[in-house]
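Taking it in order: structure first as structure tokens, then the write-up.
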């Protein structure tokens, strides 16, 4: 009833862990899979180890979080062990990667494939690191080349994760249309100032806004892209309960990712939402959650 | 951010300073705050005083802790919290074992029924000695400049632990790792306050995780039963980049 | 102490009513001025009367509102009477206008000047009406021409209100740099779905997100533009209390606009925030609120 | 959106239908909800029943109200609310004056101490007649097909209003505008429920404003003192575009 197939990938329920939240340590990913997530996406991994920015890198504000972690990651050569630990839970692990060029993305993706991930997710959307993320993901030609290059060389599916911080998400979505799925959305660029210290709180000044504050923005992108394109969509942004999940599904998402809500509700959120979704389906005599995908498209 | 004005600055040891400030929030022993040192970072600190007049005891390591130490009475400190699960209260005799700045999180537990084992590199670095209203205070130094010469687990080997209702331990991970088998064997009730790098305090960033548990929300206090089941304890942690390194 | 001068305009305090909230009826604007707002901005006015979209056009969600009013307005020929009523409060009224071409903007602005407004605010940013707003405001050449054209022909100052729904706000801000002030930001495009009705709630499907959910986004634009450009900025987006106001001021705003918070707190919000700001200034021995403008720039 | 299932559909008059549905919310007489008719609009409706089993009484005007009338028991209605300030409760004798669908908001006020004046275009459009547990029910019709022939202010001119603790009035603005001088002169306590187009219900859109007051939050119930001070009442309102037109 809760099973979905997205980008050819079978998931026991539509809920995955979003990249960057509780997913650098293999044991944590394993525990999240054991807590009911159908899959986890690793923290975005680059070619070299990066310490990221000086804390504060995460700051809670009304309705969500601001983060500028700065793509801290151990580098592709050091992540295999964590993925192995995570895979021991017996569920799909998705490898998130970030790079600057089609070649760099390809190298990272190939390593991920070797580590045994079920799909790669291209981070074309991190809003706060120069040379990566949105800077790459707002250039349609580059995006097209990155995706094409990968699709020719990988056996596993490719997800492209897009940024809301661009003029036209549709343009970028079209450029990434060779992907097996689009992941919508990454964080919205924002900032916070401490009025007593009289300075920005995040050491990077700007960060990405996540959490319920961006739910309506994420929904809008899912809906808009679904309306125009025939491609699998994974919705992400501010999902906290089964109602939010249903909104994203009815907008056009086949699967969902959850990040910030883990801070507020803990890891049991996966179990809670999938139980509630199952109850909703039985109560409404709906055979499969797949039947609701895009139901709100008018 | 929460902010408060420093009302007192006390030099405890050559490397360690206590700051006192008022903050109404109810905080329990073992809980911590994330202190923002604007321009220099953010670091977790246990509350060494948990009454209305709160306190932290800061040891100088890298840049953020050094910059923090430069603050003076009248300056503001910025922080968030309190975070984490506290130590379990207990009645009757208790044994506290604190090494280095680890004593900071144990200080609020000290009472007249407590035996306190304070350990440090040398005599000068022993924290709070002579200030504690405890039944008994034992000192241990690496160099023997005060009290027992050696490490806590060596000293404890000769103690009768059965008189204590509960043990509370905080210090470097290697110290606690060496202590664990001895305490397991003694079959005592014990709690440990663990340390990992922390970037969020709210169970989001994974930097404080040990065996899939987030120390910021599910710790930092961990029971002896739980601790003994952890694969990573005493062996592995992740560095700032997330790379797995030896503890 | 609370007096500010923005774009040459003297205001008794930094707080104005934002365009589109409680500002189509002259009596309402008058009452808002009497409640402590230093100025009001009219609803955006176009060349012809427009009914706007079918309701629902405003929908409260967590952390804010979604709206797609659809630029309903009586047309420039019918707004003079309302402005006259508002002006009887003896405080500045600012005329918001929207058009498609430099000439249309100019005609509207000249009428506004004749009606006695103290400034015109160009709506280059409404996210949900085709042919206007963001569609105009994301074209730097068009923006430059609109502003140039006005500046040559008006005596009153020109504010340009920009959209966060563009690739680079800085590019548009630079294009609008002949303005006397920039107003940052308009709403962020979003949507909501009713999971029981299985359809979007707003009749226009998409709407603009306002309220506390977008505060961090507005702050970021104010900060970013202030950092790069030497121009007066009016901050808007999610301001609900004096702390929010200070964040915007320290980011670089000389004046502020308040919209959505009127629904939650009523018209007394102007009086409350200006009283609290005054208290803050005395307590901290700050002579003028102007001394704090941009104080958090590092 | 809130939603509920229609449990009952009652034809009241040729143009008017009552729907009943369960909704736990506490609602007071005079308050209203905004009903969403998906695909066709959103319109304000008073609660004509304010117990747990709520009710609305809908008159067919334009497209949204007609579409609303097409719903059947088992269908869902979608709405938000409750909104607005209710009528002030009073003890002792009360006089209710309702014209057309205006009776809907007065129905929850009807009790055994009430005298109710129901007016309508003709006999068939009189609302709730014979269903009210009132002391006295008077009917007024434009065409004289039932009761007094004329308009409420004409009928009231001959009534002794001093026996009523309070008057409650709801109906077309012209009707209320004509009534106002008479009630002012009589010096009675009275409240009026006003109508303007409404697009938000939460004091944001300005479409319901009268003299700078938002009827959705500061009304729709307005006291006679306040009403008599309003410039726009009975004279001006704004159309959907915001253009000033005569009432």
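In order of appearance the chains are A, B, C and D, and numbering begins at 1 in each one.
Rule of thumb we're sticking to: a residue touches a chain if its C-beta (ideal position, glycine included) is under 8 Å from a C-beta of that chain, and two chains touch if they have at least 3 such contacts.
The structure displayed is predicted, hence computed values, not measured ones.
Q: Starting at chain B, what is the smallest number of hops through touching chains needed to reach chain D?
A: Minimum number of steps from chain B to chain D: 3.
Q: Taking the mean of the CA coordinates per chain, how far is chain A from chain B in Å?
A: That gives a centre separation of 36 Å.
Q: Taking each chain's centre as its mean C-alpha position, how far apart are chain B and chain C in Å?
A: 51
Q: Give the residues of chain A touching no fewer than two other chains, as numbers and ranges.
A: Within chain A, the residues that touch at least two other chains are 199.
Q: Can you tell me which residues of chain B touch two or more of the remaining chains?
A: Residues: none.
Q: Using the definition of touching given at the top, classify the network of chains in this structure as line, ring, star, complete or other.
A: Per interface graph, the chains form a line.
Q: Using the touch rule from the top of the page, what pairs of chains touch, sorted by label?
A: A-B, A-C, C-D
Q: Quick check: in the complex, which residue numbers of chain A touch chain B?
A: 21-25, 27-28, 30-32, 43, 49-52, 54-58, 60, 65, 67, 69, 72-75, 78-79, 81-82, 194, 196-197, 199, 201, 203, 259-260, 262-263, 266
Q: Would you tell me which residues of chain B are touching chain A in their complex?
A: Residue positions touching the partner: 1, 3, 34, 36, 38-43, 76, 78, 80, 199-200, 202-207, 209-214, 217, 231-232, 238-244.
Q: Please give the residue numbers of chain C that touch chain A in the complex, ascending.
A: Touching chain A: residues 61-64, 66, 138, 165-168, 188-195, 198-200, 205-206, 209, 212-217, 219-220, 223-224, 243, 246-247, 250-251, 295-296, 298 of chain C.
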